[in-house]
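One structure, pasted below without further comment.
Chain naming follows the written order as A, B, C and D, and within any one chain the residues start at number 1.
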Amino acid sequence: MNQPALSGKRILVTQADVFMGPDLCTVLAEHGADVIADTQAMHSPHAPAAALAQAGDIDALVINLAVPAPTSLATEASDAEWNDTFAALVHPLHRLVRAALPAMIARRSGKILLMGSASALRGMKRASTYSAARGAQLSYIQSVGVEVAPHQVQVNAIAQNFVENPTYFPPEVQANPKFQQRLAREVPLGRLVGAREDAAFAAYLCSDAAHCFVGQVFPVCGGWVAR
Amino acid sequence: MNQPALSGKRILVTQADVFMGPDLCTVLAEHGADVIADTQAMHSPHAPAAALAQAGDIDALVINLAVPAPTSLATEASDAEWNDTFAALVHPLHRLVRAALPAMIARRSGKILLMGSASALRGMKRASTYSAARGAQLSYIQSVGVEVAPHQVQVNAIAQNFVENPTYFPPEVQANPKFQQRLAREVPLGRLVGAREDAAFAAYLCSDAAHCFVGQVFPVCGGWVAR
Amino acid sequence: MNQPALSGKRILVTQADVFMGPDLCTVLAEHGADVIADTQAMHSPHAPAAALAQAGDIDALVINLAVPAPTSLATEASDAEWNDTFAALVHPLHRLVRAALPAMIARRSGKILLMGSASALRGMKRASTYSAARGAQLSYIQSVGVEVAPHQVQVNAIAQNFVENPTYFPPEVQANPKFQQRLAREVPLGRLVGAREDAAFAAYLCSDAAHCFVGQVFPVCGGWVAR
Amino acid sequence: MNQPALSGKRILVTQADVFMGPDLCTVLAEHGADVIADTQAMHSPHAPAAALAQAGDIDALVINLAVPAPTSLATEASDAEWNDTFAALVHPLHRLVRAALPAMIARRSGKILLMGSASALRGMKRASTYSAARGAQLSYIQSVGVEVAPHQVQVNAIAQNFVENPTYFPPEVQANPKFQQRLAREVPLGRLVGAREDAAFAAYLCSDAAHCFVGQVFPVCGGWVAR
């Protein structure tokens, strides 16, 4: 127990400057990881493979993809909104996983963790485009997880909501009394999950302690969904 | 109880010649519905709105979208495969719902039922692209269902697997002894769900008896998933 | 489609005078069933087998068990409260199923439907005793359903909440403004599910149309839980 | 990160000599905890409160309850089997939680972790009695978790299956070729989860890092269930 849990692990974090990126990098490093903080946008079809190539050998890939969540009604959601959301959240996921897996499979070791969303697990108003994209992510992870488990590679997801982060809960949202009421009413925890709490769980899921998890979706949302 | 449950209901079924389409049309009509069987491909961005416009006033929209399921590994899945699958299953869903909702909301009545897939609920090997697309569908339905419930419009989904249909379980697959063993091993029902059983449940969910369901996902898969 | 769906079916409803009992009996009969409305209390170890014996041959058993839900905190729940709740909801379930199955298995046909509760699927304050008992019910049904499916016997459950019934939502509760606010806030449907809507779904699950469902839990709760 | 995660924590483990008990005690201690290993049987109504009283102040309670799982069919399960299983797994749970909570609520800090079972989440043949008891456990935890979250007390559960332990998977079972085939077929991980892997996750859920989890059920079963 004297070694930090991620000592000697090279971990690539995507879009390291947005969403959970900064806290992930800090907390993973505190657990001993050698963090490669990639800040490229991931929209371009070639960015995912390039990010992996630049990172070199890695032990874990933390897929952190974010986009300001559209809040249009389903009747108003434009094709552009739809396409942009999938271009930001969904298409890069498959390209990142496709680029990362071969080396992991070859050496029979590796972990991929998606920072996904619980909005895929429970319906919300004005969130249909976003929920759809986040739903694609979780179901993808479940199937890839089962597929690569025999190669000793673990692919899992956190499904978060009501976690402190600058993309979805910037200070002005947190300060809004209406938001505070919503939090008290809808989130059994009674507060936002701290960014560092979420990142610490991500660190656990990147460590050797998590060899046993296969294509699993872990809600981190203060009890907003239970399973 | 003397009237058939769908008597007087105009129901639009998309891609009525593939997947569950033929059985849906037959069974919905047997329950008294006036079925509009649309056989257009839904890839084109304009097809969904056109199908709705051609159908005129409808009481229910049954979204039946299918594509031969890719069986590549996650490491092999090409961008073309990915894009084609989403173009067939995901993007038309949002366009169909967007086109159908305004009239339903205006008259405070209407039902949308997606013929979705349980492959979004449980991981499977060589199914990552398909699972991702089907996952987008279910999470989208959950959020739209919650959003439009106050307008007395019901949006729900069947999440099927191991249901008899020519797209995924053609006779040659059903006849394959390996498939029969898989069925015996993985599906507690011990047989494929009949196409007419699935369509009868769809008919129930299109009827006035189903006013109480909101953004709900109903597995129809012979016990392959339980919830 | 000319025959009512339950024509010729003998269906035993337990505790037919409480909870969903009266509406179940009415609606099942409207669908053509020959309803045996048993009004015995089910606490006694011998009551379940006696009820089955008195009913004679049946096609379906609808297990309707209710008890006023305790509202104590977990710190206050007495052993007496705990034991009484399990005596009312849990122990009779296993005795009823055990008594009903042999004849169904012998003739390779039969259905058992539990009127269960969604309180087992999502945490609620001041509901721990009740949730525990309702959770035992649902998990039991899942396993028995899988076990007896090869015998052509179907065992399933409705997991209801926010369904109109005199046991849990008597008129004075429904008239309470605080309850109405809670309904608006927590239940996407925006109203209680009607007792007849719930009973109609139960009728569907007792009909031959439902041969394909195995150990499945169907939420009926106005969107309070989605899966 | 220099301090072990459970340094200074007093943790009571029940039935410390069976099921996950020995590995829990070892691993929790390796993480720095001061472990109170209680080996009393928990059937007696007074044992739970006595165990808590003897333990004195604790930071966490790990509820480890086990009984050889009955394998009778639902048609054969005797009242004695049913009552014994609930007496071993269910009734002590509520008594342990009731005894542990007041002190935790008073000092606004504490964790309760149930070592539950995934057999409550997915149906299995010849497991109805056991599934029912395990289902009561999980639903109870969900509701208590929500209830006590405002007091800064966290109550959660692991839902395990296919985890190495002497109670359910003794060496002779593991050595059985039929069991090995079942493992290969049904468990995506392709092996039993190690007892130490499971215990390490329990240690995480007892640490301050897990303040954010509320009434949550975490499957640990090698992918046998995904959510």
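Note that a residue touches a chain if its C-beta (ideal position, glycine included) is under 8 Å from a C-beta of that chain, and two chains touch if they have at least 3 such contacts.
Quick caveat, the model's predicted, so the values are computed rather than measured.
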item: For chain C, the least number of touch steps when starting out from chain B; value: 1
item: Listed chain pair A-B, B-C or A-D that repeats interface C-D [over half of contact pairs the same by residue number]; value: A-B
item: Separation of chain A from chain B, taking each centre as the mean of its C-alpha atoms, in whole Å; value: 29
item: Whole-Å separation of chain centres (CA-atom averages), chain A against chain C; value: 39
item: Where chain D touches two or more other chains, by residue; value: 121-123, 142, 145-146, 188, 214-215, 223, 226
item: Interface residues, chain A side, partner chain D - complex; value: 1, 4, 30-32, 121, 142, 145-146, 149-150, 188-190, 193-194, 197-198, 200-201, 204, 209, 211-220, 222-223, 226-227
item: Of chain B, residues touching chain D in the complex; value: 121-123, 185, 188, 223, 226
item: Chain C to chain D touching residues, read off their complex; value: 45, 73-77, 79, 82-83, 86, 90-91, 93-95, 97-98, 101-102, 105, 119-140, 142-148, 214-215
